[in-house]
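Supplied in structure tokens, the structure appears directly below.
So that you can tell them apart, the chains are marked A, B, C, D and E in the order they are listed, and the count of residues begins at 1 in each.
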Amino acid sequence: MTNSIEVKDLTLNFGAISVLKNMNLDVAEGEFVVLLGPSGCGKSTLLNCLAGLLEITDGQIFIKGKNVTWAEPNERGIGMVFQSYALYPQMTVRGNLSFGLKNAKVPRAEIEAKVARAAEILQIGPLLDRKPAALSGGQRQRVAIGRALVRDVDVFLFDEPLSNLDAKLRSELRVEIKRLHAQLKNTMVYVTHDQIEALTLADRIAVMRGGIIQQLAAPQEIYNRPANLFVAGFIGSPSMNFLHGSTVDGGQAFRLGDLTLSLAAYEGGMIGTRDKVILGLRPEHLLVQETAEPGVTIPATVELDEPMGADSLVWLQAAGTQMSVRVPVERRMAPGTPVHLKVDMAKASLFDATSEIRI
Amino acid sequence: MTNSIEVKDLTLNFGAISVLKNMNLDVAEGEFVVLLGPSGCGKSTLLNCLAGLLEITDGQIFIKGKNVTWAEPNERGIGMVFQSYALYPQMTVRGNLSFGLKNAKVPRAEIEAKVARAAEILQIGPLLDRKPAALSGGQRQRVAIGRALVRDVDVFLFDEPLSNLDAKLRSELRVEIKRLHAQLKNTMVYVTHDQIEALTLADRIAVMRGGIIQQLAAPQEIYNRPANLFVAGFIGSPSMNFLHGSTVDGGQAFRLGDLTLSLAAYEGGMIGTRDKVILGLRPEHLLVQETAEPGVTIPATVELDEPMGADSLVWLQAAGTQMSVRVPVERRMAPGTPVHLKVDMAKASLFDATSEIRI
Amino acid sequence: MAEARRVNRMWRNMNAKIAAVPMILTTLVVFVGGTAWTVLYSFTDSKLLPRERFVGFDQYERLWSNSRWLTSIENLMIYGVLSLVFTIVIGFLLAVAMDQKIRFEDTFRTIMLYPFALSFIVTGLVWQWILNPEFGIQSIVRGLGWESFTFNPLNNPDLVLYGLLIAGLWQGTGFVMCLMLAGLRGIDEDIWKAARVDGIPTWKTYIQIILPMMRPVFITTLVIVAAGIIKLYDLVVAQTSGGPGNASQVPAMYVYDYMFQAQNLGQGFAASTMMLLTVLIVLIPWAYLEFGGKKHG
Amino acid sequence: TDLEVTHWWTSGGEAAAVAELANAFNAAGDNWVDGAIAGGGSTARPIMISRITGGDPMGATQFNHGQQALELVEAGLMLDLTDVAEAEGWKDKVFPPSLLDACTVDGRIYCAPVNIHSPEWLWLSNQAYADAGLPVPANWTEFVASGPQLEAAGKIPLALGNQAWQSNLAFNAITVAVAGLDVWKQVNVDKNMDVAAGPEMAAVFTAVGDARKLAANSTVQDWNQATNLVLNGQAGGQIMGDWAQGEFQVAGKVAGTDYTCLPGLGLNAYLSTGGDAFYFPKNRSADVEAAQKRLAALLVSPEVQVAFNLKKGSLPIRGDIDLEAANDCMKKGLEVLASGNLVPSGDMSWSPDVVKQNEDLMVEFFKSGMAPETAHQQWVSNLESGL
Amino acid sequence: MVDATIPANTRTDAEPRGAKPKRALSGRNIMIYGTLLVFSLYYLLPLWVMVMTSLKGMPEIRMGNIFAPPVEITFEPWVKAWSQACTGLNCDGLSRGFWNSVQILIPSVILSIVVASVNGYALTFWKFKGSDIFFTILIFGAFIPYQVMLYPIVILLREMGLYGSLWGLVLVHTIFGMPILTLLFRNYFSTIPEELFKAARVDGAGFWSIYAKILMPMSLPIFVVAIILQVTGIWNDFLFGVVYTKPDLYPMTVQLNNIVNSVQGVKEYNVNMAATLLTGLVPLFIYFVSGKLFVRGIAAGAVKG
């Protein structure tokens, strides 16, 4: 048994509403799994089930091979970090860190040692005697992590720990969490709806929708080979461009009106001839050029040009829809300019329009 | 008087605290100005002064050449869109849109025409009879804009209109606002602390700190030639890398310990020999390569590698500090790898370490 | 221009200023004016009608040598402390019980809250009746065969305050429970979760974490309950008339009796002034916390 | 004309008496608007005073004789009744004359006395004594002596309401009875503080201490509840004013057979002559003023005096009328009155402030273990505050 | 200890799965419901006694047990309390006060709530110099015993020419309701985002129209709380009703006081209880009907420090 967390057939209903549906999830020892999905898809609910904060309707949960389905939260060997930090406002940082330990009747000296160690790891030593109200957002977040840290748990659960912070701080703390993970080697389950966080932090990402895991895979796999249309559309900002068409010639080519694109380079399953398919192209996998190349380019007209610092996002009208393309920021394009978009079919995704599953 | 907004020596104190200090700002007819700055720097305060929602301590405000310093908010010809939408919860969308017109005793038929037009522009026609609670975040935002739209104002003021939305919606609405501006050609003043928004939307960006405008210029100018250290560090994500060193040989080269970089390609003022300067290098202006090139490269060791979808951020230890570099996502780098960073000095920024001003 | 600015400032928000007039008048004329008037006349020897014959601190000297007044003050302090402690403790306990996702919450809440709808006069009468030794609890228990049972607080000078307390708590705790319940419901759910993950037992979470977090609720409650205690009058009049003897006298009764019955306004005003002084002593720290604290924090 | 009359006569006997006044007034073509306020003078007086000073006066209002309304008169808020008094010849008819003196300020008359109330009565329950197998005592001394036996028979020897004024009334009654007329006068009229602090009064306090023991088990609030205890034989006796008689009468009890009354507690048959009077606050309307004067005249008229006092159980304020219908007790009172054994009431000689302080003192004394000596000292200093 | 309840590394169907089984009669539940029941008894006892006593005849009351239900139910005490009980010469019970109370109640409740809510509104959104000071004094006013203010208010009303009139009393209720109500409204309004107010100002709405069109419709919960508190307070008021009006306007509580205090021989406890219940009916009804809204309203902002 090498899995740190095993979720078996987990179902959770709130009254008549089924929030998690027969879910299975294995997390390996030391793995960093990110739960990603739109608001209300059940991410927090799943996390709360793992922590024992919600009573599940059916199924089993194992942590380190132990069945903890009925165990109390503090008996599960988990630590949890909340979005709103949930620090105890009237206690100092030290009090916050040691409260759980004191309660577990850990000897004083040991508590102090643990607090000191956590403070060192998180670099909050000088803050130990302040109250949470006197801390900045990032510092509070660190204390919240520290509270889990002192308890020497095997599994860390994070519920959107960075979403209350501003962009700059967020990117700093992201790096810090990643480093922490590298240092502690704990198992971590991390909820977010920020893609950048998911992509940068995760060993594996579980993309959820409506209480069901849509795809569980490594970030690059999810980014490059999304399992279905939902995952493809959800991951990546700006979104993947979708072209609704059909495959012809036994799957040799994609056709949309006059446009035909060769699928020779496409990496996927058996394509065959299909009436309705959707071709997904990421903005950075399209190349803007002046010349047309039959079977590889799509003619387009520039609509708008959004410089974003390092690169620029160009919005174009192409194949009857709006598409976006990423170009270096030096390349300014005037609205109305006719151009051609060269498709890198090796990096494209093709979906069946009915089942929405990747072909 | 061709300026749409003129702010003259504006000062605003809250009691003893001076929030805006002797500020001057001219916004041209039809211009899109973004106010950007860290939290608490006075962006909202400035906007509220423009709108007449705060009583200023000193100075004058002109809108369309009229002195509106003492005018009521509704007499200033401005419309305002708030971060939390601030829709009237008990009124339908139609009620929200027409409330201001009704207050102004506009005839009924005219109100209807205006509401219909705004609904069309914003594509909220089918929502007119819903209450705000029954709208999605993006729809609410559109209604909030509509409320300003119906009033046919010259100036639109936006206070972080997108910051409550999720990333996906945010990028969609950003494009929409830009298109709206192209269509209406109103003057717009837009507060945000999201750089992407600032960079993509603005004709000019005003970067503020502590109630003072640090730099007011076009986005690319701000990005590439930040006026001072604060602007340089604030704009760009991940942040610009800073190297603390000195200039030698009458400004021919930058030196940090053993490292010497030629400043021949640097585009700036008179450099001269200075004891303390700071060299700013953006992550995307560094090239990772295996070979050293004296005077142009910095030796570095890979620390961490953050894949972010399209590209990947590599954190390195170089020249005694931590630096980040942007590389294509395909290029994975193992921690510990020694590499060399090639500097594109034409895109670098050099600051005097004392005055923090760009040289 | 500076002149124009000032004029402009004056006329801005005219409606708001007009709307505040009732409040300003009430505070200035009634509360400040009335108080000042009372304090001023407390230095006179006014009898039935106020008159400006100043006698210095005579009224106060008499007041503080009057055994009824001293008893009243002592009673108010004992009753006040007990009442504050018990209302808050009971209110909080009940709110905690109500917060356990129980069944019939509506019913329980209505039961606890309805006494608040009844006036102190009614409360006093009913409890006088229930505590009456001839009809009430004492006679019932004796009727059950326990002949020596004695429960006659209203006629025992040592116990009469507890008799008042039973009635006062009956009337007021439900409302405090509502305040507390509302406060409990306002606490971030995540705090609870964090405490559970930390393995803190529920009771400990309430005492060590939730209680300190409810400070604002406690302050509101304290203001409301304390205001009621200082004004305590109707309940005493209805339940004991201050008796037996003077054992349940309270300051408000002293004020009323001396102003109107004894026709010694000066003495009544002096007693009022002392009561107001007490209020100030209680309120100044509160005002400091409420307004002063915010500015500095 | 409508005339609003406020008063605090709300018990059974009192209400019946008021009805007599109202009927007489209505019969004369006016309209008596009754403004009864229950709860006794202490509840009602503040309301009355507020209304008079607030500028919304009633047509007429009850006060006790004496200083209660003095300042209102001095402030010019009360109607001058001198012309009515002269026309009706009150000076000659009102007896004892001290009653009219109490209505007179600077030679003008401001109130119409309606009755004489003497508080110094001991009411005894014949049935209670029969139950205990004891003879009905003839005076306070015997009553005190019979106390323990009564108690042994399961009776409350002395019924006493909890309200402060009742304790004070008992005190005053015992003072007159135990210390006698001279001491009373020296203390209350001459205000001789040496006498007040002297041994005679100390004896009074000892006597009151005895009364305290007898009343230890009495827990009722109102005076008529206490009377009720006597009336149905649960208590041996009660010190209460002559108005208690109204209650016996309403209950159909007969003086002499069912109950016994001892004026001056059977020791010194002196009665103090307090009582009720009506005042007429100044009013703007001339109509009302005329009606007020009509009512004033009516109140003192012989027919009304007879009808009213019979119901109320109090004594009439004129010496020239014949109360044939009066019962045993009233007759005893009339005799005392006729013989001139009168003392001025404390209400008339002391300010309400002093009276209130004494009430506070007495109620505390009766319900606590305060030593008689302490109470005595306190009492003297209370009197001194009113000098 | 953990291992005792959670056997490690074994997978059978017998081991924990799904929801944790619960005992209905856990110690915790017994304690919670036990506490609630005991207190409910305490709260209900007086009501029980009042209702039972009011349905008994005097003879039965004299026999003793106040907690026993009546052997013979009689509604006579109710009839008597409502329409026959005497005070002085007036023998029409509570009935004559009822309409007076209603007449006093309605304008007093409306005016006091309007004034207090406007105060709260001004104190939240239109702060002027010194507004916090006025607010502090107002709170101070909440503590002033009414007896202290009785006399100054008599003078005030006399000078305004309102003494003895309905409007004088309405004014008094407005003044004394102001402190606590203003506190409630201020706390509630301060939870409403200021942006909403700003948006309305940009839309050209003035002081009053923001109040009436934007804030009022949003503030139902706190208005409910205020109405409940005021109805209770004003309906139950005795002191102001009797001191600042005249007999034509005396509220029901004055009759109640008269009935309760006019002892004719023995106390008629049954009539007293019936009168008490009758007087309390209006506020009781309001509590029974809107108790839920009351708690919600309080939660919605009244308890914010």
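To be clear about the criterion, contacts are C-beta pairs under 8 Å (C-beta built on N, C-alpha and C of every residue); 3 or more make two chains touch, one makes a residue touch a chain.
This structure is a prediction, so every number in the text was calculated from the model and none was measured.
Counted as hops between touching chains, the shortest connection from chain A to chain D is 2.
Contact tally for C-E versus C-D: the pair with more C-beta pairs in contact is C-E. Separating the centre of chain C from that of chain D, both taken as means of CA atoms, is a distance of 38 Å. One finds 90 Å separating the Cα centroids of chain B and chain D.
Centre to centre, using the average C-alpha position, chain D and chain E are separated by 41 Å.
Here the CA centre of chain B is 53 Å from the CA centre of chain E. Counting only residues that touch two or more partner chains, chain E has 150-151, 206, 257, 260. For chain D, residues that reach two or more other chains under the stated contact definition are 46, 53.
Residue positions of chain C with contacts to 2 or more other chains are 256, 259. For chain B in complex with chain E, the residues that touch the partner chain are 48, 51-53, 72-74, 78-80, 82-84, 86-90, 99-100, 103-104, 147-148, 151, 159. Note for the complex: chain A touches chain B at residues 38-39, 166-168, 171, 174-175, 178-179, 182, 193-196, 199-200, 219-220, 223, 234-239, 282-284, 304, 306-311, 313, 315, 326, 329. Residues of chain E that touch chain C in their complex: 28, 32-33, 35-36, 39-40, 42-47, 49-50, 53, 61, 64-67, 115, 118-119, 121-122, 126, 128, 131-132, 134, 136-153, 156, 174-175, 178, 180, 182-183, 187, 206-208, 232, 236-239, 253, 256-257, 260, 269, 272-273, 276, 279-280, 283-284, 286-288, 291-292, 294-295, 298-299, 302-305.
Touching chain E in their complex are the following residues of chain D: 4, 6-7, 9-12, 15, 18-19, 22, 32-40, 43, 46-47, 50-51, 53-56, 58, 222, 224-225, 228, 231, 247, 250-251. Across the complex, chain C meets chain E through its residues 13, 15-17, 19-20, 22-24, 26-27, 29-35, 37-38, 50, 90, 93-94, 97-98, 100, 102, 106, 108-123, 125-127, 129-130, 135-136, 139-140, 143, 170, 174, 178-179, 181-183, 185-186, 215-217, 219-221, 223-224, 226-227, 230-231, 233-234, 251-252, 255-256, 259, 265, 268, 272, 275-276, 279-280, 282-283, 286-287, 290-291.
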